[in-house]
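The structure appears below as structure tokens.
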Amino acid sequence: MKKIFTILLCLTLCLGLIAGCASKPQTSGGTLNLFTWEGMFPSQVLKGFTAETGIAINYNNFDYDETMLAKLQAAKGGDYDLIIADDYIIETVISEGLAQKLDRSKLTNYSNINPFYQDQFFDPSNAYTVPYGAGVQTIVYDPAFVDIEINGYADLFDPSLEDNIGIIANYRVITGLALKILGESYNTEDVDTIEAAGKKLLELAPNIRVIKDDNLQDDLVSGEIAAAVMYTSQVTTAKLARPDLKVVFPSEGIGFGIMASFIPSKAPNADAAYTFLDYILRPEIAAECFEWIGYYSTNSAADSLISKEYRDFLTLPSDFSGDTEMIQVIGADAEDAHSKAWTAFKSASGK
Amino acid sequence: MKNRTKLPNVYLGIIIAIMYLPILIVIIYSFNTSRISSIWGGFSLKWYVELFRDQSILEALKNSIVLATLSSLAAAFIGTIAAVGFTRVKLRSSGFVEYLSTLPIMIPEIILGVVFLIYFSLLGLPFGMTTLIIAHTAFCIPYVFMLVKARLAGMDKNLAEAARDLGASGPRAFLDITFPLILPAIASGMLLAFAMSFDDVVISIFVTGVNTNTLPIKIYTQLKTGVTPKINALCTLMFFVTVMLGLLFVFITNITNKRTTTKESSQ
Amino acid sequence: MKTKRRNGLSLLSIMPLYLFTIVFVAGPLIYLLVLSFLTRAEVWGVVNKFTLDNYRNILDPIYLKTFAESFKLAILSTSLVVLIGYPFGYFMAKLSAAWKRYMMLLIMIPFWISSLIRLYGWIIIFRANGTLDGILMGIGITSAPLKLLYTYPAVVVGMVYALVPFMIFAVYSSAEKLDWSMVEAARDLGATRWKAFTTVSLKMTLPGLLSGIVLTFIPSMGLFFIADLLGGNKIVLVGNLIQEQLMKAHNWPFAAALSVVLMVLTSLMIFLYRRITNVKELEGLI
């Protein structure tokens, strides 16, 4: 039995040796502490940056926007040099004083940004942020398994779709779907309206097969479900695998979101952050990045460089005239009403 | 022993087979061309190529191994000597402290992560390996402690007493008599603790620092773009390395053990 | 004199646990308790204003139901883990020394591989026209895909799969010290195999079984991502609720209150369980 320890120790040592081979390359330009989800950049873009500038990238990850804010708060706006997160949380980050104003003179490629994605609620004068990927919530369905034509959220309530729909696990989007059917705003703070939407949503419960955020497209592609409400990157992956799937911009209105980057107030190496931001704003680099993440390109100069295979998915259709609305932070009572309606809806779906 | 049937071994075999079924699937799908994890798109090695291109994953793997080793060792030390100590002394508070020490595995990790984050920053501890080890040790201790405790329960205390009466000092009696007897429990506890620490993501995300990304953090934070089969490739490699090394060492141990036993019996 | 020194040593040996528990467990938990009585801020963070609303909130039937669901799933999983894990640990202890080592390794290796990735393995197995459907339809047991994924049974399988090693190791480490000659003796005295097992083996492995149950039950109350992934998020457990309050609703005090109630209820269950089983050897084992 004593040997078990020896075994364990040796195993660890060997694995340690393997991992030890992965020591970081020598660099001269300092380090950039990047903080965002995993997989936000293709590895050749990160490598190319280090090779060109000598700045090593230390890629740190968070799961939820809220985790990021909690960590940034614990670090008092320090530790990280560049953060990419969702729009609504950045509004809070800015109001908590945890972001620093951008010096646009350090961003030579700033003019490449598509103005459509600027002047948004979270940063009305574009003082703090540079947009990265953008997305909308769409309905995707497999026409082979769906007998009706789906045009909007209301069609998802059709009894023929029983136990056949997958939705993302974001209650502001999903309760919001019911709000949209009722003709309300995503961001209403009226508790009665939210409760009414919750009630409406309960009618959708029998049709729900799965509620999840990660890899929902797998279920659609493999035939586990026939229709889904998904994020843009999931739609991109699904359409690439199965071109026969149909994508619908819901007639009731379209939820719209932007991921943006900002420099924390006490970033230890803000210069490296500027260098990196400017680097990913280059059209050819940006095109590579958007193809990789599968979100809408926010870089006008990059649009024409995106390969044909991807272009339709990564830029909004030229005739796009949908009624879009961004999901914003709402007051405590409204938020609590949302989460209660959501819990009731999830339990009802399990029946 | 003579009339033992084969049935128990069949049972062990079936359960082990079921345990390895998902692993087998992971291995098969690591060679999948398609980025979609559930659709077979043909054989390919491209995820392995991707994996070796990604320095940060290997870096994270290293951090995870260091973290799991140190925190399972710390938990084994604290848990074992406490379990042994509690058989000798009983303070009025010991029941309560034992109970307290099991609380970290009683509530969902996520709230523990948030509370640790705030508490550590109140204490002014710098986030990094230290905070990771502390947090992991906290939820690893119960596993070692309870297994050792169960092993000690009803064990013949007289053995150690006798050794001491024959002049062996306390620590000596512990090392010579008690320790070898509870070793299987320590080993199982440590193995579990290592696995729990090696796999933890939620607490780690909250207490990690800027230089200590762990492997589970890398895996779980691909929310925006979806988990790629690159991770399957990594798991497959890790699986084969652990299996081969593990079997090799057990094999060697078994041979040496056999030799010592034969030597002893021939003397 | 001698006893005093011995006590001193034993005292010293429990000190690390005392210190660690007080500083790094009690400390954060006291903070958790305080947090559960504070008020949430309008958008982010907490306001230092005392309130009992968070606890009152839990009494809402929608939220109370999540506690019932969590207990139901935890008890069901723990029972199945006993049924599967106990015989495994027990038979494992009967193997030769060499095989014991192989076995231990075989059980542990899967658990050194990311649980998320293993769950993805299960998802592929359970998927419509997936591995299991293929096997069942291949040998003619079923004729159409079963739609097993995102159902309650799938969640239970995932839970048992994740928790069974705790039981196996707990039972094994107490069965391993079992004196098999006593079982033989009982058999020689004319006891049936079953009788010998219940009077000798079971009694002697009881501490392991009981600590295995505790080690399985406790984490199963807090586990929720298995229900998310294999159950399609349709079974709302307390863990889900806590996560959502923290990460989406930004209501930290409510999440803290839920955690406190969860801890109290789980402790109560274990206390009751200890009273009912009332095994002498188990004294002090929680």
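Points worth noting:
Order as written gives the chain letters A, B and C; numbering starts at 1 within each chain.
We take it that contacts are C-beta pairs under 8 Å (C-beta built on N, C-alpha and C of every residue); 3 or more make two chains touch, one makes a residue touch a chain.
Small disclaimer: the values here were computed from a predicted structure and weren't measured.
Each chain's centre was taken as the mean of its CA atoms, and the one lying most distant from subunit B is A. For the pairs B-C and A-B, the larger set of C-beta contacts lies at B-C. Measuring from the averaged C-alpha position of subunit A to that of subunit B gives a distance of 33 Å. Subunit B and subunit C have Cα centroids lying 15 Å from one another.
Among the residues of subunit A, those touching two or more other chains are numbered 3-4, 7, 64, 67, 222.
Residue positions of subunit B touching 2 or more other chains, listed in rising order: 37-38, 114, 118, 184, 187, 191, 194, 201, 219-220, 227, 238, 242, 246, 250, 253, 257.
Residues of subunit C in contact with two or more other chains: 101, 104-105, 127, 246-247. Those residues of subunit C that touch subunit A in the shared complex are 40-44, 60, 62-63, 65-66, 69, 101, 104-105, 127-129, 147, 149-150, 152, 228-229, 231-236, 240-241, 244-251.
Only residues 3-4, 7, 64, 66-67, 69, 92, 95-96, 163, 166, 169-172, 208-212, 222-224, 329, 331-332, 335-336, 338-340, 342-344, 346-347, 349-350 of subunit A touch subunit C when the two sit together in their complex. Those residues of subunit A that touch subunit B in the shared complex are 1-8, 10-12, 14-16, 18-22, 24-25, 33, 37-40, 43-44, 47, 58-64, 67, 70-71, 74-75, 79-80, 213-215, 217-219, 221-222, 233-234, 237, 241, 259, 292-294. Considering their complex, residues 5-7, 9-14, 16-18, 20-22, 24-29, 31-32, 35, 84, 87-88, 91-92, 94-95, 97-98, 101-125, 127, 130-131, 161, 164-166, 169-170, 172-174, 176-177, 180, 184, 204, 207-208, 210-212, 214-215, 218-219, 221-224, 238-239, 242-243, 246-247, 252, 255-256, 259, 262-263, 266-267, 281-282, 284-286 of subunit C touch subunit B.
Here subunit B touches subunit A in the complex through residues 34-39, 50, 53-56, 58-59, 61-62, 65-66, 69, 114, 117-118, 120-121, 127, 180, 183-184, 187, 190-191, 194, 201, 205-206, 208-211, 213, 217-228, 238, 241-242, 245-246, 249-250, 253, 256-257, going by the rule given at the top.
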